[in-house]
Amino acid sequence: MWRDALLMAGKDLRIEFRSKVTLNQILPFAFVTLIVFAFALDTSPGTLQKVAPGLFWLAVLFSSIFSVDRAVAIETNDNAGDGLAVYGVDSGGIFLGKVTSVFVQLFLLEAVLLVGVVILYGPAIDGWPLVLLSAFFATVGISAAGVMYSQLASGSRAKQTLLPLLLIPVTSPVLLAATKSWQDAFSSTASLGDPWLRLLIVFSVVYLALGAVFYGSILEA
Amino acid sequence: MWRDALLMAGKDLRIEFRSKVTLNQILPFAFVTLIVFAFALDTSPGTLQKVAPGLFWLAVLFSSIFSVDRAVAIETNDNAGDGLAVYGVDSGGIFLGKVTSVFVQLFLLEAVLLVGVVILYGPAIDGWPLVLLSAFFATVGISAAGVMYSQLASGSRAKQTLLPLLLIPVTSPVLLAATKSWQDAFSSTASLGDPWLRLLIVFSVVYLALGAVFYGSILEA
Amino acid sequence: MQSLVSFKKVIVVSGNFPILTGLDFETGPGEVVLVKGRNGAGKTSFLRAVAGLLRITKGSALVLGVDLISNPADARHRVGLLGHETFLYEDLTAKENVTFVLKATRSNISKVDAALSAVGLTGRLSDLRVSSMSAGQRKKVALAALLAREPELWLLDEPHAALDSWTREVLDTAINSSVANGATVLLVSHEPLHGSLMPTRVVELAGGKVITDTRDIKPVVAEKVPL
Amino acid sequence: MQSLVSFKKVIVVSGNFPILTGLDFETGPGEVVLVKGRNGAGKTSFLRAVAGLLRITKGSALVLGVDLISNPADARHRVGLLGHETFLYEDLTAKENVTFVLKATRSNISKVDAALSAVGLTGRLSDLRVSSMSAGQRKKVALAALLAREPELWLLDEPHAALDSWTREVLDTAINSSVANGATVLLVSHEPLHGSLMPTRVVELAGGKVITDTRDIKPVVAEKVPL
Amino acid sequence: MESKRYKWTRRAIGIVSLLLVAATVIFGLWITPPDVVQGQLVRLIYVHPPVAWVAYLAYGITSIASTLYLWKRTRNMKWDLLAASSAEVGVIFTALTLVTGSIWGRPAWGVWWTWDARLTTTALLFVLYLGYLALRRVPATSHQRAVRSAIAGLIAFVDVPIVHQSVVWWRTLHQGATVLNPSLSPKIHGEMAMTLLLGFISFTFVYAWMLMHRYQIAGFEQKILDIELDQILEERLHEPGMESMQVELSPDVEQIDRHSKV
């Protein structure tokens, strides 16, 4: 399983490196999202600063849709997924590999996006360790849930529209918890014992476990 | 050209009627978007009501991405677009047909979504004529720009991610103007002479004209 | 002889690759030209260029009297292309697809049923969505649309692939009868031809150009393996 | 004789359509079975069922000693499938694709270059992304991966389609030599076979079941049309 | 493209821009006085508006070149390369506008960023042209890429007048039109106006120098592609299967005329 996970992650990252989709397209898209949010919500000046964490995670969530969509599309093009089945690649390995590749891309994206948020919305950040840890686990959770649901939604020819419908509700707890925990981190109440961080850890572990267990059955069905 | 436009619109709407993508997937997606916005922004209770028009149009804009993406994907699957070229279908007709089909779907979506917004966020609506006219022209603008940019972005295997990057900035004026004009309509200052409505009309006419002129060259290139 | 397709030193460069490298080819009406060549020789690209779907970088190209350099789109609707791709809409049924093609080409839509039953798509199959069809059935739908359209120039890119022997016969007969009515056929095939379809001329491509052009073909009918 | 594939009254229903309708089939090692039948007879579905990619609704199915009903996944990696789809990654090159397949099947990756040059993908072509390849070149990449893997059971769904005659010979020779080494081949083809590849048995499908099964085939080598 | 004259012009422009920028720095930092209201901060005015204007200029050139490509009679790959080069430099200058504006905004307004109309439209301008550059990276034939990006570039340019007029159309925090106002009478005077003018000229030279560099690199890239094309052509004309060739290859026929290659 671990071998297969490495093989898959390596392949997916290589394809991303070739096509540079995350860098050239998803990242600018995330920025555009930040800007249009500000457009649509420009009420009182303080508002944006207050909701900055929420908008950040919304932008990440929307970007993640495209990211996982692509991760799964790689296998549905020319039915490569059937190929993997015939080659006997372990389904847990496929899942972990894809999650790793998506995680790496999203985490880098978040790093750049955070700089943007700080400049654009100007929140003050206090608790860096909390910010980083929350981001880490939130991203694991989003990637794991994303890859799993994207696979669920594949098969349907109208996948691009089905995926967000499935994915957004199940990741909204992650969105909420990450937002809350960043709000704590941005205020002076930051501490690593933050209950929202604990929730994020639970979520990421649960989705990883769910994926490792059920991904095989989703592929087989 | 008009004959071809009718033929294309009929075919696309029939395909939509068969696959029910807008009904079963894009519409729920729009609702989910409304709900997560509420999630991410749950600050003071009054805020949501105030930003309701902005959130509505954000949800429409994100939904429109999926809608136009699908409208163009219909022709790129199995290279049906090459087929149209060989059959000698007029490119202006293809453009107008696709815009019509996307318009019909989005407009119906908006009608349902508006009910949702009223129920969820509870704004009071005064100027119905302004609401309807703004929605009409905003939707024409979004559909026309969307179909054109979706065609521009096609060909790239990573089209799903490039499209929002291109489309959101060019439609953000529509987003802004529609939001403002609805804000006016929701307050008691509603009048059909609203400057934002005029902006929307200009935008929709400009994008329709641009599309009719350039769509052919994009297809031919 | 009036020239239907006339390619002179046609060069097509796409993505910095010379797909066609100075191709010369000429044909008049009523010919059945078999286009041969190794994989990657440029056969598909040649047909697509004739259909006006591939931009010609240099050279002169006339198809059905239309200059492809200045008006790449003007000859297209008189050309019928059946290729690796079938140009079908997955969510529409066989009948709807054929009807759409006929409407788009402003042809007479009364021929739909006849064309579908000519290729054996009757009953359940004519109202089955293309997405649930087998490889050969899809090809038949595309073939039915082509038969109903009756184009002047047929561009067939490995048309026999995926078709069963019964449908192959149908295709060959249709080609023969349209040629008898003055149509011209460019046919790409890797299979040793046999049966009723005999080309009047064989053109071989390699490296993006015509390397051999044989006109006198002995009408040797191949013996079928009795399987 | 040990049985490699054993299908008994296999029924496959998909989307409320009975694709296989009680198919009986049995084969042992070293056979080359030609699977014939009209378009839509269920040939592709049969091969996919053998590969464990299609869920069997009813009946009993054993492949390489594995029961497909209880463990559909366990025989797959010993099976090689070459079908209408090639299972390739468009953004990777020919070499990268084959290497990936070999790593995924835990085979020896030293055979990559040999396999690629066996099908004629050398030089520029071995480092070309699959997305810029012609139909036949893609098929060759898939074929190279199959050759390098040396599976025990070959499932070939119209493998000759899109291949030029030179590559057809390569494929036929490869099949013959692997059969000599004990592999078994199920081959779907609409083309009259000719040349070096001769099936030991011909099975005909219709309506989702086997209707004829012929074992004694006269080794008549077809005469090629001299084109 | 790499003629001697081109090279020397480029170098001369490079040297002039260096001198001009040095002069702007000297004037901006030492000769001009601090402002009554803004103090030393006002010195950013010699950088910030000029880089913004140069970004407009760059996008203007992109639009003109795009139009020239789209118009069949002037169609030439060179226009596409020029449009792309200018857009790239324009994106850099837009980024500089955003950065210098932010640096200025921090002490002047107390925030790095605010959702003021000018700032927002400038940010949009930035992403519009990022989108343009992303579109250029989509795999396509050179003609396809040229047509598609020319259309996108022309539409994106619509934002430039909007950015400029934003301070008029919306009530904003950002400075109104001080220099380029409708009556064309600058509201600043003397040494400051001179230095601002100097800043504008020097950044225009910097732009010209960068553009020439970028355009030349684009030319080199094209040349490399052409050399590759020659090699591939050579290979293609000796592909297996060529043995049965009936006529000899005449080499002169096989030369593809690059400059008509669109």
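Labels for the chains are A, B, C, D and E, by order of writing; each one numbers its residues from 1.
Basically, contacts are C-beta pairs under 8 Å (C-beta built on N, C-alpha and C of every residue); 3 or more make two chains touch, one makes a residue touch a chain.
Treat the numbers as computed from the prediction; the structure is a model and nothing was measured.
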**Item:** Lowest number of touching-chain links that must be crossed from chain B to chain C
**Value:** 1
**Fill in**
Farthest CA centroid from chain B: chain D
**Request:** With chain centres taken as the means of their Cα atoms, state the distance from chain B to chain D in Å.
**Result:** 46
**Complete:** dist(centroid_CA(chain C), centroid_CA(chain D)) in Å evaluates to 28
**Asked** What is the distance, in whole Å, between the centres of chain D and chain E, each centre taken as the mean of its C-alpha atoms?
**Response** 55
**Asked** How many Å are there between the centre of chain A and the centre of chain E, using C-alpha atoms for each centre?
**Response** 34
**Asked** Where does chain E touch two or more other chains at once, residue-wise?
**Response** 124, 127, 130-131, 134, 139-141, 143, 232, 240
**Message:** Quick check: what residues of chain C touch more than one other chain, meaning two or more?
**Reply:** 15, 17, 37-38, 40, 55, 90-91
**In chain A, residues with contacts to at least two other chains** = 19, 25, 28, 32, 35, 39, 77, 157
**Message:** Considering only the defined contacts, which chain E positions touch chain C in the complex?
**Reply:** 139-141, 143, 225, 228-229, 232-233, 236-242, 244-246, 253-254, 256-257, 260-262
**Message:** Quick check on the complex: what are the chain A residues that touch chain B?
**Reply:** 19, 21, 25-26, 28-29, 32-33, 35-37, 39-41, 43, 47, 50-51, 54-55, 57-58, 61-62, 66, 69-70, 73, 77, 157-158, 160-162, 164-165, 168-169, 172, 175-176, 179
**Fill in**
Given the complex, residues on chain E that touch chain B span 70, 124, 127-128, 130-131, 134-135, 138-141, 143-144, 146-148, 151-152, 155-156, 162
**Asked** What does chain D use to touch chain A in their complex?
**Response** 51-53, 55, 72-73, 76-77, 79-81, 85-92, 96, 100-101, 103-105, 129
**Prompt:** Mind pulling up the chain D residues that touch chain E in the complex?
**Reply:** 120, 123-124, 131, 166
